[in-house]
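Some notes on the structure that comes next.
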Amino acid sequence: MTVLKIRNKQQCRWDLVSLGEVMLRLDPGDSRIATTRQFRAWEGGGEYNVARGLKRCFRMDTAIVTALADNPVGRLIEDLMLQGGVDQSHVHWVDFDGVGRTVRNGLNFTEHGFGVRAALGCSDRGHTAVSQLQPGDIDWENIFAKEGARWFHTGGIFCALSESTPLVAREAMEAAKRSGTIVSYDLNYRPSLWKSIGGKAKAQEVNRTLAPLADVMLGNEEDFTAALGFEVGELDENHSQLNAASFRKMVGKVVQKFPNLPVVAITLPNAKTAPVNDWGALC
Amino acid sequence: MTVLKIRNKQQCRWDLVSLGEVMLRLDPGDSRIATTRQFRAWEGGGEYNVARGLKRCFRMDTAIVTALADNPVGRLIEDLMLQGGVDQSHVHWVDFDGVGRTVRNGLNFTEHGFGVRAALGCSDRGHTAVSQLQPGDIDWENIFAKEGARWFHTGGIFCALSESTPLVAREAMEAAKRSGTIVSYDLNYRPSLWKSIGGKAKAQEVNRTLAPLADVMLGNEEDFTAALGFEVGELDENHSQLNAASFRKMVGKVVQKFPNLPVVAITLPNAKTAPVNDWGALC
Amino acid sequence: MTVLKIRNKQQCRWDLVSLGEVMLRLDPGDSRIATTRQFRAWEGGGEYNVARGLKRCFRMDTAIVTALADNPVGRLIEDLMLQGGVDQSHVHWVDFDGVGRTVRNGLNFTEHGFGVRAALGCSDRGHTAVSQLQPGDIDWENIFAKEGARWFHTGGIFCALSESTPLVAREAMEAAKRSGTIVSYDLNYRPSLWKSIGGKAKAQEVNRTLAPLADVMLGNEEDFTAALGFEVGELDENHSQLNAASFRKMVGKVVQKFPNLPVVAITLPNAKTAPVNDWGALC
Amino acid sequence: MTVLKIRNKQQCRWDLVSLGEVMLRLDPGDSRIATTRQFRAWEGGGEYNVARGLKRCFRMDTAIVTALADNPVGRLIEDLMLQGGVDQSHVHWVDFDGVGRTVRNGLNFTEHGFGVRAALGCSDRGHTAVSQLQPGDIDWENIFAKEGARWFHTGGIFCALSESTPLVAREAMEAAKRSGTIVSYDLNYRPSLWKSIGGKAKAQEVNRTLAPLADVMLGNEEDFTAALGFEVGELDENHSQLNAASFRKMVGKVVQKFPNLPVVAITLPNAKTAPVNDWGALC
Amino acid sequence: MTVLKIRNKQQCRWDLVSLGEVMLRLDPGDSRIATTRQFRAWEGGGEYNVARGLKRCFRMDTAIVTALADNPVGRLIEDLMLQGGVDQSHVHWVDFDGVGRTVRNGLNFTEHGFGVRAALGCSDRGHTAVSQLQPGDIDWENIFAKEGARWFHTGGIFCALSESTPLVAREAMEAAKRSGTIVSYDLNYRPSLWKSIGGKAKAQEVNRTLAPLADVMLGNEEDFTAALGFEVGELDENHSQLNAASFRKMVGKVVQKFPNLPVVAITLPNAKTAPVNDWGALC
Amino acid sequence: MTVLKIRNKQQCRWDLVSLGEVMLRLDPGDSRIATTRQFRAWEGGGEYNVARGLKRCFRMDTAIVTALADNPVGRLIEDLMLQGGVDQSHVHWVDFDGVGRTVRNGLNFTEHGFGVRAALGCSDRGHTAVSQLQPGDIDWENIFAKEGARWFHTGGIFCALSESTPLVAREAMEAAKRSGTIVSYDLNYRPSLWKSIGGKAKAQEVNRTLAPLADVMLGNEEDFTAALGFEVGELDENHSQLNAASFRKMVGKVVQKFPNLPVVAITLPNAKTAPVNDWGALC
C-alpha cells in the first residue's frame, strides 16, 4: 500500500495552493434568473472552492492561483475572496480593455431548484483572463520551492478553459512534484466547456497527458469514463446498479495505466452524500 | 426652412423603431461595485432608451431591433423590456453555446457617484449577439413598408460594436428612407468601443458614411468634433466658453457638408439640463 | 365525439383573449399580513392568469380585457401586466375620483401558509372599475371579427363582481361565437363574492344563463354542484370517495342539459396535481 | 387675554384623545408607485399623527378613537399603532364582508419627491369603517368623564369622510366640553374628500357648525379661507406676500365670529418650517 | 383536588404580570451569524414571551416588569415591546454610562438551523440593568394590591441573572400571594447562566427556596431533576422511555415536599409538541 | 529638521501594524436605532481603521493586534476583517463564557444624521476581550524583530479601555522602537471611556507617559489640550478663530516637552476636510 508523504507544515507557507478560475456568482435568491430584479453576489469556482473550504472550515493556510481582469468586477471578486480568506498574492491581474472584447472576468448566474423545478445555471465565461493564462505567467518555483506548499490542487475545469491552460497546469504540476508537494487533480468533466475546443476526445487527451503527474485523482463515474476514457462494465441505464466490484475493476485499470496514482477517489453517482472512497489499498 | 414630414399614425404600426444593443444593467444601489453583495437588475442601451422613454412617458408605440443570446440572461433582458413596454417582435434570438465563447449578452455594471466620488461604469459587452448582427438578418421591408414606422432611430454606439453593425445600420436607414420614415442618428462617441476597431479615424469614417442617410443628427460638442470630424473654433480648455456663435458656425459647416440634414441638434456640454436646440432654421 | 374547431393562427392576432379583473397582489413574503412592515407587489386574477401563463410559458399572443381606475395603483397594475407580456390595448381606463369612493382598483393581500398555519387572503375589491364595466364599453366586434381571436376565456369570478358583469360576459361570448372563437368558462365559485348580490341561487342563475354560450366548461366538483346546481351522488363528507362513475354520471347530466358543450373539465378535489380530464367522449 | 385651563394630569388617564381615520400607508421607498415591486408599510392619519407624536416624542398618554374593519389589513394597522404607542381601547372594530363592498380599511399610497419630481399620493379610502361611524357608536362619557382626558383633537379630514362623521365629531366635542377637556380642531381642507359630498360650500357649513365648540382652531391660510369662508385681503397670486397685518385682520374676524376661540393658529404657507403662532393675544 | 382560585377580571387591571429579562434578538435570517452582513431585530425573553403571547394571541391585558438601560438599544427594545402590546408602565429605566461597563441591555444573537446544521445562539447578557434589579426597586403593592393582577409569572432564568434577582422574585411572589394573585414559576434551567454564580447546587438552593411561594410549577424533566433536585427512577440514556408512572412518582415527591403546589406541569422531553399536563389530581 | 527614517519594505512583512479594539458596528441604514427592524453589520475601530484604509486604498500589507472572544459575534468580526484585508495572525482569541459576564466583544450601534437630526452612536464595549489584554499576551519581538514592521500605530482609545491596556501599548511601543519601527499615537480623547477610570486627569497621565515613546503624535485641538494637558491661547468659544500662530505656539510647547517627536499633526476643528499638517519643520 502506497502512503502519501506530505511535507511538514513548518517548511511550508501553504497547506494548499489551488489553480483555477474564480467567477462572480450572481444568484436571484428565491426568484428566477429570467424574472428577477435582484441578485446576490458570491464568488466560486471548482478548484477555488477547495481552497476556500479548507480555510474557513479547518483554518488551513491556502492560496489561489488565477487571473483576473483589473476592473470593478475583478475587484469585487477580490473582495469576495478576501472574505473567503484565501491568499491572493499569486493572482495574476490583467489590464482591462474597457469593453470586454479582449479580456473579461467569468460570471456564473445560478438559480436554485424548488420541487419539480430543476436548478439552473448560466455561465458566461468566454474570453476570461484566466483562460488566457500562459506558461511563464506564474512563478511556480517561488510558490513550491521558496514559500513551500504541502498540497497542490487543479483539475479538468481549468484545463478546459483554453488551449493554454493545460500547459499551465502541466508546468505547475511538474514544479510541485520537484518540491515534493502532493498533487491532486479533479477530473470534473464539463461537456459544454470542451465542445468548441475538441470535445470528449480532446478532454481525454488532455487528462491522460496530465494524469501521470498527479498523486490523487478525483472524479465521479462519468468523469473516469467520459473524461479519462475508462469503462465500467455491467452498467444499467441509470448508473443505479453500478456495483462496487465493477468500480473496483475500473479503478484497477486506472491504477494499471497510471501507476503513479496512490489514491483514486470516485464519488458514487447515486449516493445521497458524496463519500470519498480511498481505493489506494488496491495498488 | 426645411420641415420634417412625418408619416401619419394611421398608416404606421410604430411611432418609433430603434436599432441598438440592450444590456443587462447591474447596479449595487448605495454600495460600490467592488464591495457590494447585492445588485439590482435593469435593462438599458443608448438607442433602446429612446424607445422606452417614448413608450412609458408618452405612451407611443415603439419597437426595438436588437439581437440576444437565448439563455436566462437574455430572457431576463426580455422580461425587463416587457416591463419597459417596447415591442420585441423584431428581436433576433441567437442560440447560446453554454459558455459564452461564441456569443453572449451585454452587461453593464454601473455605480452611482456621491459627493467627490465619481460615478463609475464597467461594461462587459464583447462578443455579444447584437455585435454579430449581419445585413440580411432583419426584414426591414416588413418593418418599414408593411408594418409602417414613423421614425427610425440608431446611432454611433450600435455602429461601434463591430465591423458589421454599420452595414446593418446602413441597410436599415436606406429601407427607412424608401418608406418615408424619418431617420435620426445619435453620434454618441464612446472612445473605448472604437479603440480596438480603428479608433477615432474609423469612427469618423463610419459616421461620415452614414450621415447622408439621416434626417436628424444628434450629439454633443465632442460628438460632432471627435466622431464626425468638424471643429468648433475659439474653444477654451473646459469647453465652458463655447459660445453660440461658434456652434452656429460649426452647424453651418455640418449642414454644408450634409445638405440632407434638416435638423442638427447639439446638447451643450455645460448645460445643467440637456436642451435640444432645433437648428433647422439655419438650413 | 365532438371536436373543437379552432381558428387558424394566420387569421387571428390573438391566441387567447381573457375577460376578468386584475388586482394588485400584496404579499408579505415570509411574514404575516398582520405584523409585516414590507409587501412585495404582484398582479393577479383568475381569468387573467390564464392569459399570462400562455404568454410567458408558451409564448402565445394573449390579451386582457378589463377596466382600471387611472391612478398610480392602476398604473402599477399596468406595469406588472407589461412585465407579464399580456397585451393591454383593450384595457378600459376610468377616471379616478381622488378618493376611491366611486371607483377603485382591486387589491388582494395574500399570505403563505407554513406547516399548521393555513394560507390567508384578504381581498379588497369592492367598487372597482372592472365591476362597473357595462355592455357597450368594449368593442367586441373589433376584437373577434377584425383583429381575430382563437379562444376567449372568462368565468364565474368576473360574473360575480356586480349585476352588470354577467351582461358584459354574455355580450362578449355572443360576439366570440359569431366569429368562430372558442369560448371557455371557468365556474370558479367564490361564496364571498356572491353573498351580497343574491348568493348561491344568483350564482346558479347567472351561470346557467351563460352556460349555453360556452364551448368548454371548467370547474371542480363544488363549482358544478354549488354554482351550476348539479349533484354528484354517493358522496361522502370529505368528497374523498367521489368515484369516477359518479362524476361521469354528473357530467352526463351537464351535457344533457347543455348540449352545446363539447368539453367539460372537472378538476378532482382530492388530486395532488390538478389533472384536466377531457370528458368530450361522453357526448 | 384668554388662558386655556387644562385639567390636572392626576384626574385624567389621557393627555390627549384624537378622533380620526388611521390608514395603512404603503410607500415604495426610493422607487415610484407605478413601477415598484416593493412597499414599506406604515400607519398614518392627520388626527392620529398628533396622538402618535405626543406619545413617542414627549411620552404623553394618548388614545385614538377610530373604526377599523376586522380583517388582516385592519390588524396590521393595529400592529402599527401598537408600535406607535397610542392606546387602542376605544377603537371600534367592524365585521368585514370578505370582499370590501360594504366596509374597508383606508389605504394611502405615497411616493417621495426627488428634485423636480413632486411627491405623489394616491389615497384609497372610500367605504371605510371610520367613514361609517355613527353618533352613539362611541361611549364619550366614559372617555371624558370617567377615564378623563386633558385634550381632545379632531378636524376637517375626519369630518369630510361622510355625512355622519361631523355628527360624531359634534357629539365628541360636546362631551369633551362638558368634562372641561380642551378641544382643538384642525381645519385641514382636502378638496378631493369634499368634492362628492357637497364641495367647498358643504365644508364651510360643517366647519362653521363645529367651530363654536372648539377652544383651539388650527389651519393654514387656505384652510381659513376655503374651508371656513374668511378672506385675507391684499393677497397676491402665490400667497407669498401675505403680510402679518392681513392675517392679523383675518384672525380678528375669526375671533369676532367665534368668540369662543381663545387660540387661533395659522401655519404660514410660505414658511420653510411650520411655525405655530399663538394669536390668543388678539382676543 | 385543589382548584386554582383566580381573581375576577373586574378587580384587576392585569390578566398577567411577568417578571424577567427582555433582550434584543438579532437574527441573520437565512444567513449565519459568523458571515452575515444583515440582522433582523426582535425582542424576546423567557418570562416576557408568556406575556406577549397572551396579549397578541388571546388579547389579554399583560404587563412586563423588567429593567433597561436608557440608551438607543433600550429604546429599541421598548419599541419592539410596544408592538408586542405588553404594558411597560412598570419597566425600570436605568441611566446608561455611555460605554456599557456598569450597565447594559441584553442581546441575543440567534441563528436558524437547516438540515444537519443545528440552530445556534450567542447570548451577550452580562452586566444588564435587569440583573442589577434590587428588592425595593419595584412597587409590588401598587401592582398587585392597587392595580390588581390575576396571575404573576416568573422563573429560573430571571433568578439566574445575579445574586439579587432571586430576592426580587421572592419579594414579588410574596406580594402576589398577599393579593390573591396566582403565582407560576418556570424552572427553565440554563447551566451557562448558573455556572459562574454557584452552578447546579446554587440553582437548586434558589429554586427550592422559591418553590413554596408558587401555585404552579413548570418545567421539563431536566428542570425538575437538575434545577429542583428531584429524581425520576428507571430512566434510560435518552429519556425516551420515561414512563408516566415514573413521572407520577416524581410529581408525588414534589407535591409531598411542596404541599403548596396545586399544579405541577412537566413538558415531556420526547414529545413533538409540548403538552402541559395538569397533575393537580394527585394532590 | 528631523526626518522619519522608515525601514525598507524588503526587511518587513508589514507596512503597518495597529493595536486597538475592533467592534461589530450595527447600523440601521436610513432608519433610526430606536425604531428599526433591521441592522447592517460592519466592523470598525479607531486604530484598526488606519490599517484597513491603508490595505484597501493603497494595497499596503497591514496587520491588526487585538483580542476577541471566541463566539459567533467574534467570528463575524473576523469575517468582516477578512473582507477588510487586514492580517489577523496576531489576533488574541479568548474563550467565551457562554453569557458575556466575564468577556465579550465590543458592539457599536451607529445612526446617520439627516438634516437637523444629529448622528447618534451607542457603544456597548464594556468587559471586552481587548480591554483585558495584558502585557505578555502578545509576542511583540516576533512582530517587530522577526517579521518586521515599518510602522506601528496605536492611540488613546485603546489606552482608555482599562488599566492594563496602556501597559500593553507601552510594551508594544518599546518593542517597536527597539526594531526601528516608526511609532504613531492618535490621542483621540473620548471622555465617556475615561470617565469611570479616572477621567481627564488619568487620560493626561497615561498619554504623557506614552508620548516619549512616539515618533508621530496625532490629534485635534481638544485632544492636545484635554488629553495631553497643553493649552492654546487666545481661543474663542467656538474654536473658530484659532489661528495658526496659536497652534504653532502650542506645538512648540509640545515639542519642547517631548523632544522625541519629529512629527506632530493637528487636525483643525473647523476644517471641512481633515488636513494633516506636518509640523516637523518646527523642531
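As written, the chain order gives the labels A, B, C, D, E and F, with residue 1 at the start of each chain.
Here is the rule we go by: a residue touches a chain if its C-beta (ideal position, glycine included) is under 8 Å from a C-beta of that chain, and two chains touch if they have at least 3 such contacts.
Since the structure is predicted, the reported quantities are computational estimates derived from the model, not experimental observations.
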Subject >> Path length in the contact graph (chain B to chain D, fewest steps) >> reply: 2
Original post:
Between chain pairs A-B and A-F, which one is joined by a greater number of C-beta pairs in contact?
Top reply: A-B
Original post:
When chain E touches chain F, do the two copies use mostly the same residue numbers, with over half shared, or different ones?
Top reply: same
**OP:** Could you grab the centroid distance between chain A and chain B? Build each centroid from C-alpha atoms only and quote it in angstrom.
**Re:** 42
Original post:
How many angstrom between the C-alpha centroids of chain E and chain A?
Top reply: 53
Original post:
Distance from the CA centroid of chain B to that of chain C, rounded to the nearest Å?
Top reply: 43
Subject >> Two or more partner chains touched - positions in chain A >> reply: 35, 37, 79, 83
**OP:** Sort the chain contact graph into one of these: line, ring, star, complete or other.
**Re:** ring
Subject >> Circular arrangement of chains, read from chain C onward through chain D >> reply: C, D, E, F, A, B
Original post:
chain B touches which residues of chain A in the complex?
Top reply: 26, 32-41, 71-73, 75-76, 78-79, 96-102, 104-105, 107, 109, 111, 120, 122-127, 192-193, 195-196
Subject >> chain C - residues contacting chain B, complex >> reply: 79, 82-85
